[in-house]
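Both complexes below contain subunit A, partnered by subunit B and then by subunit C.
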Partner chain A sequence: MRWFTATLTYLWSGWGAITSLLLLLALWQWGHSLYGELVLPSPTATFAQMLQFYQQGKLIESLTITGQRALIGFLLSMIVGTLLGVIAGRYITTAMMSRPIITVLVGTPPIAWLVLAMLWFGSEEATPIFTVFIACFPIIFIGALQGAKTLDGYLHDLAHVYQLPWSMRLGDVYLPHVISYLFPAWIAALGMSWKIVVMAELLATSDGIGAALAVSRSHLDTAASMAWISAIIFVLLAIEYLVLEPIKRHVEAWREGS
Partner chain B sequence: MNKLVNWLDHHPLGMCGFRPFFLATAIYAVVLMLLWLGFLAGLISLPIQIQNPIVWHMHEWLFGLATATMIGFLLTAVHEFTGAPCVNYRPLWLLVAVWLGARVSFWWLDTFGLVTSMILNGALFVLLIYHMLPPIWQRSRQQLSFIYVLLAFALLQQGFFVALMHGETGMNWLYAVIGVWMVLIVVALSRVSMQLFNVILNEQPHLETVYLARPPRRNLAISIISLYTAISFFYPQHPVAGWIALAASAAMLNLLNDWHVGRALWNRWLLMLYAVYWFVALGYGVLGLGILMELAWQPAGHHLLVVGALSLAMLTVMMIAGRQHAGYNISYAPWTLWVVGLIMLAVLTRFIASAIPSLFSQWWLLSSALLWLFAFVLYGIYSWRSLTTSRPDLGRDCDERIG
Partner chain C sequence: MLHIEHLTHRFAFTEVLTDLSLSLSAGETLAIVGASGCGKSTLLNCVSGLIEPYEGKIDNRFKRMAYVFQQPRLLPWQSVIDNLSFGLKAQGIDRQERYATAIALADRLGLTQEDLKKYPHELSGGMQSRVALGRAWALRPDLLLLDEPFSALDIGLKQELYVYLRQLINEQSSSVLMITHDVMEAMQLADRILVLSAKPGRIMWEHRISIPHQQRDELWVYQQTASFLQQPLVRASFGLPMQQGAALL
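This part shows the complex of A and B:
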């Protein structure tokens, strides 16, 4: 019951965000009044187009394809980035060594990775997945590295002296600390993965939202383009407020308690 | 003559601002609705200078009826918030006389002329600000928002009269007044709800709940309602106004976050205030959807705001403040529920009449008018004693109940 009330309270607090978004729609509408249908279709025309895509089945199909690619790329970088980052953070030598490599990875623009991926994998599934993976990897790696590096040595010794079982050490001592660094990195990477995958699809694939955007652009169909962009933003908002934010609150609840 | 002077100087009705004005509200609600129904039935005619009869209906509703409640509330609240001496007896009777004069001048606009009515209606706000500004300025400047709202009312009303003089309907000025009313509801109810919540929480310490009407959410709601009011004044049916109306609705629902404090909310008086916020949210929601979907929902939206939010706010405030400041406890008698029930039904029937036009619309309208009328009649009957007789407690003038 308490969980149910907390969920309702959380969902109700979303009205603040909805207020801001509706004001943004008013601004969009104003832009439409100034520049006309061709440059900026109205929000209602855009949503009507989106509804049409939904009724035709295109919306769900494209969202599923794009979502799968983004998720696979993100999960890969999450697993590899977290593991390597934690290992690198535990030893000063590896932390020192990995720093310049990460600087190179962060500094390389995702579009450059995309070009390389297109050369290596062609117009295939692997291209957007790889681009997402390589763009997200350094963010997660740095988060994991910082988390592991800043682990309190005394807590580690204490756990050792009291011979805490591994499950307890991991769940109660190491994880809460590392997660507090990792989680913001995962969130940033997940948000980025969604943007990167659309960009990669736009140039490299024949399906997914990015590809649909490319088609609508070639037809000079601004309403369709805005509909696809709105769909991307809806998913982004849904992931942010319905998935990530509740998890973040749950995971970081210990901070407020301390 | 001496008898009259003695009556004016000593009768309990002149003891505090809410007494004559709350009573005037109850009486004027009946008069106003009967006049309106009489006009709709073709029995009486309205002034020729009013091109659109709805303008007369709206003006008297907003500046006659609702303003009477507002004056009663503000005169009492200023004493409560600042500790300044009450405005009572002679200065109060002068306010009552000006209010009555303003009403009469508007009923017989063709006889008195627009200028007379404009001066009398304007004088009412000038007098009110004259009584309220010094104590607020000297003792409690955080209450200045009440003065801003009064200034907005005064300016909009003068603008309305100028529009009439130029041969316009003046409708957009009155729609803007509805917006200012909604702002006043948010400002005033935050104060009322804080006090009421604390009284109720003190009575039930086991609930361990904290209620705070925090400014950020309130300020957001006030800003967006003001923005909608300003935009719809110039571009009433523009889709930008539609989106902002929806944002105002969402901002009101966001404001309800402060109210979700668990079991403490399950009190009839708190639920009434809570329902007022809901009506504001629904009203702006309907207005926004109507504009965006190009449906004729404007009357339905406005009636949700005025018949729903404003009527309920007026009656709730009158039932709470009218008893507490007359030396009585808040009443939990069944009639208070009847009053709210009648208003709820009046809103529902009025909404159906506007939103779903049909052959039966006039019957829905008549039902709504009668239900609304009975709510005020019931209030008048049951509050007559507390408003017109001496205090039963040790308190004086406008004090809250003591002992």
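This part shows the complex of A and C:
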């Protein structure tokens, strides 16, 4: 019952979000009336184009391809980043040593990784996946490192004083603590992966949404470009508000101010 | 029973405790008072096994110890009922039984059914302290270690918790080893007070209180604390000026 009312409240709160999105659409329409079809096609023309893509089957096909690449890259990053981060966080030496390396990784622009990936892997599947992986990696790694590093201190004392068996140390104390650091990092990385994959596809592959965007750009087809961009944003919004946000609310109910 | 003989502890080259001997008998409440940094917490950590003493012997015959930390240190991702029954879970007691214990304890501590479902961040400081006390109490300890758990609370909340604490101690006739820098707190709760001097910590003074806890009223606590603080050795331990009659400022 509590869950049900919480869901209803959440959905109801969506009205505010929808209102501001509609406001954005109005601005878009206004821009269209100022600059005309070639510079900024109207929302209706854009959505008509999108519908056409959908009827041709291109929309779903491209979304699936792109989504798969983003997800594979993210999952790889999640596994490797979490494992290495936790290990690095357990030892002072590795924690200190990995710090500057991570700063370098975070500071390197994703487009630079893309160039390297294209040199290494060519125009293959591996290029966007690698770019997503390497862009997400430092975010997840840092989350895991911080979580593992802060395990000592009071949690350790508590576990010792209350003589917790190892199963409880792990399940009730250490894991929830590390996950409380990891979870926001995973979320941030997942959002990032979607943006990075489109960029990588634009330059490196012949299919997927990024590639379709590149084609429409070369044809100077602004309506098609806007249709693809809108599709990307739709997916982003859907992931954020229908998947991530509800999970976040559920998992992090114990957090202050949530 | 707890016997500590010639305990000395140092961190690197700094000696924090020097040649400290004490014993605690069953059912006794022993308060160790001293200025901040006199090694009180180190002593407690040695007794609880969190740190290995550098020299000396600790003979601890108590079977079930429970520890209340300076901060509540509840698990933020667990609800109050799970936090209360946390120690019981470690002992392998099944869910139904430990929840029943937690509910009974919560009632004793003035927490409502609603509070049991809450997460620690939704509770006030005083309530968090009560849960921390309850978590230790759920274990029915024969030795309770208190590391200034009331120091961050206001005078009203402190008094409230003292009442709960004394009730629980009397019920289970537990022994208590408490450390505090608040002499009035010791005067109200303890059967015996030991004063530690700072740097390095050693026992400077011992004070026995024979009046039963129920007969100690506010005035008595004030008067006893005042005369306790007249002792030159006690004054020295707390770094108070030796001239007692002089104005403070």
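FYI, the second predicted complex is superposed on the first by the 242 of 258 C-alpha atoms of A that agree within 3 Å, B and C clash if a C-alpha of one lies under 4 Å from a C-alpha of the other, contacts with A are read in each partner's own complex, and residues count from 1 in each chain.
Quick note on the criterion: a contact is a pair of C-beta atoms (placed from the backbone, for glycine too) under 8 Å apart; a residue touches a chain by one contact, two chains touch by 3 or more.
Nothing here was measured: the structure is a model prediction, and the numbers come from that model.
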Touching partner for A:Thr44 - first (subunit B), second (subunit C), both, neither: first
Partner chain in contact with A:Gly16 - subunit B first, subunit C second, else both or neither: first
Partner chain in contact with A:Val173 - subunit B first, subunit C second, else both or neither: second
Which superposed partner A:Gln163 touches (first subunit B, second subunit C, both, neither): second
First (subunit B), second (subunit C), both or neither touched by A:Phe4: neither
Which of subunit B and subunit C A:Leu25 touches, first, second, both or neither: first
Overlapping contact positions on subunit A, where the subunit C interface meets the subunit B interface: none
For the subunit A and subunit C complex, residues of the former touching the latter: 154, 157-158, 160-165, 168, 172-173, 176-177, 180, 253-256
Complex interface listing, subunit A residues touching subunit B: 5, 9, 12-13, 15-16, 18-19, 22-23, 25-26, 29-30, 33, 42-44
Residue ranges of subunit B in contact with subunit A within the complex: 217, 220, 224, 238-240, 242-244, 246-247, 250-251, 253-254, 256-257, 260, 262, 292
Subunit A-touching residues of subunit C, taken from the complex the two chains share: 48-50, 65-67, 69, 71, 73, 75-79, 86-87, 89-90, 92, 119-121, 139
